[in-house]
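Shared between the two complexes below is subunit A, which has subunit B as its partner in the first and subunit C in the second.
Right after this comes the complex of A and B.
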């Protein structure tokens, strides 16, 4: 059992390596970035359709709260999913039936499937928040390219976070089941 | 502390087989000299133990070499430094086909002594070829043993002399003798060798630091003697075992009453007797199976050698037997001392043998081109690659001949452990109402009671479902799975100074417990 806790600890370290950025971003969005901040400018210029906003007679600062709230909710949901999947794999890898030399690589397929499910869930989360019929009004005012950028960036970011976490958190004997994890030093 | 053990006769040799396995598991003392006494040099029981003894010594030497493979003193695997003479067996009577008549120089005796000999021994006994032992005739054995000399130059006796000298020098010395109370060689050798050792001790005026212990096996097996071709032959008759035992016990009772020869005596009995399927008078075909009661004698010896065993001034006699039920369980195995748990160590050794023989050993056998497929796995990287890597040649040398020798020797030793426990399991209860619940071995072994040279054969490879039965293999309720072992070998701490294959062997051994 101690090895399971050790894995969870390493997994959390892996998450923290880049996960702190998302926590910071979520916090900023909850508080609401200043009107002249780079984040606000980026959203106003690249994410939101300014023509449509003008046609409706709004300025960006009037809908920015709703926009940041939507993105903060989405990132929180994605972060939760990432933490959950990372810890589940790291702890669960101790229970994979790797009982003989050479058997760990068989479980690569299990990792691929698990990771695939994780990516699909990230995609579903982003779709839920960013689709046009989303509960958030700001979603209707997003550019297609802006929506794609948000989906792509968040998918890449959270996948990377998950990968770093399972890379160091997977049980030592199951490392051959995770891409490149067997390159880690034996005693890590 | 210096420890010496002498196994007399076939039973003595078989008890030593158990003792060697117990020493492999870490139950033995730091240092032990092992010797055997048997007139039947080719005896199957003696040969088996002799071979096992050599394997133990060779493997231990390979795995406790500070320059190459070192388990280090922290490891319990092959903990005991066992030594023996070049020939571990002492033949009381030298020469080809000796007879009692020749041994006592009958023709040169005075007429009145000849008459005494004629009263004590019938003509068949006097002319019996003794090269295959004393054939359950302790009266012949006793005379033959007494006719030999305890010469200080004899390699066997020189060890006893050295032991007594060491005791005189202030070192604690313990000598232990194991034999059966019935039969020929053991029954005659036990009291005679013990008394001879005591005489040397008295001659050398050693009164402290020297302790003598012994284990006597009361009848614990019998067999059916075939009726054909046995006329005129001298052999051990099972129907005489109880009478012989009764006589011997009366003798020992008187001996112990008047003389303190032993400091501690361990007596083991068994009921019902195990039934051996094969009867052989002697020679290499007398290859009896290891039986459970013998483990008591071995553990008795180890208890005697234990530093926790404080030997009192009075002669102590311990006795042990099976529990009242017909089932033999792990709980029937006594501990060597408070700090040495016999059940746990033996169970660990058996699990180690299984996992090495069928899981990890095969992965390490062969050339590097075959082995390298495991090179990215954590257990291999951590325990093999790093410790067999030659920084000069920049190669992992696990596939090299010098490493392969150790790997194969360990595989052979593990097979011996598995055959030992399986044979004991099948043979102890064969044709009796007893049940034995120590291991489940049917899935990997085949038992042929009548096949003397190869009673137990174990499978070369196991399939998936057979490997899966590992968790039920040892019936100690631990439910240890192969997955747990794989996990343990990846996380167990490597002791400082461990080297070469000693790292992997020790970690695997330690991983075979929860």
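Right after this comes the complex of A and C.
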């Protein structure tokens, strides 16, 4: 059991390596970045249909709260999913039936499927928040390319966070089931 | 149980508060409403003036008074009653004959007009009043005294030379002046039996020919005066003479103000102008300050509504109508929907809806321009305040089409005559109507016909 907790601890460390960025981003979005901040400018230039908004007489920063609130909710949901999947795999790896040398490699398929489900859930979360018929009106302000950027960046980022987490959190005897995890030093 | 009742009560209060908020009206500060009277309304003062009746004494008119066996003589019947119709409209009636000059006719001798002798002349042709038809003479008099009502009875058989250069100016100048003073010109064309000679039909080689085999031919009663007098004369004639289904008559009203009324002034605009709008969520319709109609509702992105105005509500009956309408639009939006926090911003959209007109009236395709143009978009979750003025921009040409079947061009007149027609057409009639329409175009002023507001929340 102690090994399970150790795995969870390592997994959390793996998450923290880049996860702090998402926590910081979510916090900033909740508070609301300033009108001249780089985040607001980036959203105005790349994510939002600013010219159409300007045609209505508004600048993006004036109505950015709803957009940032929506993205913060989306990131929170993705972060939660990432934490959940990382911990579940890391803890669950201890219960894999690996009773012979080389058997861990068979569980690579399981890991791929598990990871695929995780990525699909990330995608569903982003679709739920950013689609046209999103429960958030702010989604209507986004241009198609802006939506794609947000989906792509968040998928890459949270996948990386998850990968780092399972890389260091997977049970030592099951490392062969995770891509490149067997390259880690044996004493880790 | 008590807790349940208390919770229900709180929920009910919250719901009623939300409804109050959604029905609240708050307009942008810069909104200005300017409802003006239409000129047609301004010019009718209800007073009875004098009526001046002019009979065309040219020889071509003689055929109208001779009966044609088996055919109805509408000319004689109408002239018989014209005295009574004129007296309905004015306080005193004065009769004249026109040809080369204008000659007054005493009231007691008016019956002569329906006798062939009225159109005959025994003296030298140069001295006779029946050799030409100077229709511009009564127009000139109407210009000098625009308060009266003028009734001109003529075959409107105008040669090319009467419709060009200086002679045309003599015709159009007084008409322009008459229309500018808010008066209108009604043309009632009546197909009547004809038994006589049509003179001065132009032929291709120059010169002219006569035609004697026509059994029917239209004549025209031109009425110059207030629209209501014109309409009264027309309806009197309809009631008394054009009762049989086979009676053929046409009517055109040439006016500088074909707009019947400003729809706001008489609160003609209602929820029915936008079909099915009353089924929209949170719909409410009301007039603000008794003149500005407001549609309040919630809608989704698939907003496909049309604002329709019936022709009868807008256009003076029988007039050439309006061929072009324009819109002056403004759109404000606010991310906050409640009046307390509302922050109206005026959009940069210069063209939001489109307007089309047909025989039934005019139709505004609301927000059509925005949905058709990819760069323009309305966003969900915002409140919108759309203000639109509908203007009549150009007068129509409906009367030209109506009268076209009774018209023959100078170049076609010879061929038409050689086809031995029983029903003879009027020379250059379309041209004359076109000229009259052109004169009314010159005097037409852009008129505000309707103003309304749509105050809505765009929801999913």
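Assume the second predicted complex is superposed on the first by the 185 of 188 C-alpha atoms of A that agree within 3 Å, B and C clash if a C-alpha of one lies under 4 Å from a C-alpha of the other, contacts with A are read in each partner's own complex, and residues count from 1 in each chain.
As a working rule, contacts are C-beta pairs under 8 Å (C-beta built on N, C-alpha and C of every residue); 3 or more make two chains touch, one makes a residue touch a chain.
Owing to the predicted nature of the structure, the values given are computational and were not obtained by experimental measurement.
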Three-chain arrangement built on subunit A, subunit B and subunit C clash or fit: fit
Partner chain(s) touched by A:128 [first = subunit B, second = subunit C, both, neither]: neither
Subunit B versus subunit C as contact partner of A:94, first or second or both or neither: first
Partner chain(s) touched by A:56 [first = subunit B, second = subunit C, both, neither]: second
Subunit B versus subunit C as contact partner of A:141, first or second or both or neither: second
Which of subunit B and subunit C A:104 touches, first, second, both or neither: first
First, second, both or neither for A:175, with subunit B first and subunit C second: first
Nearest-approach distance, in Å, of subunit C Cα atoms to those of subunit B in the combined model: 55
Common interface residues of subunit A - those touching subunit B in one complex and subunit C in the other: none
Of all residues in subunit B, those that touch subunit A in their complex: 359-360, 363, 373-374, 376-383, 385-386, 467, 470, 481-483, 485-487, 489-491
Residues of subunit A touching subunit C in the complex: 49, 51-58, 62-63, 66, 133, 137-138, 140-141
Touching residues (chain side subunit C, partner subunit A) in the complex: 331-333, 335, 345-349, 375-382, 460
Subunit B contact footprint on subunit A (complex, rising order): 3, 6, 94-95, 97-102, 104, 171-173, 175-176, 182-183, 185-187
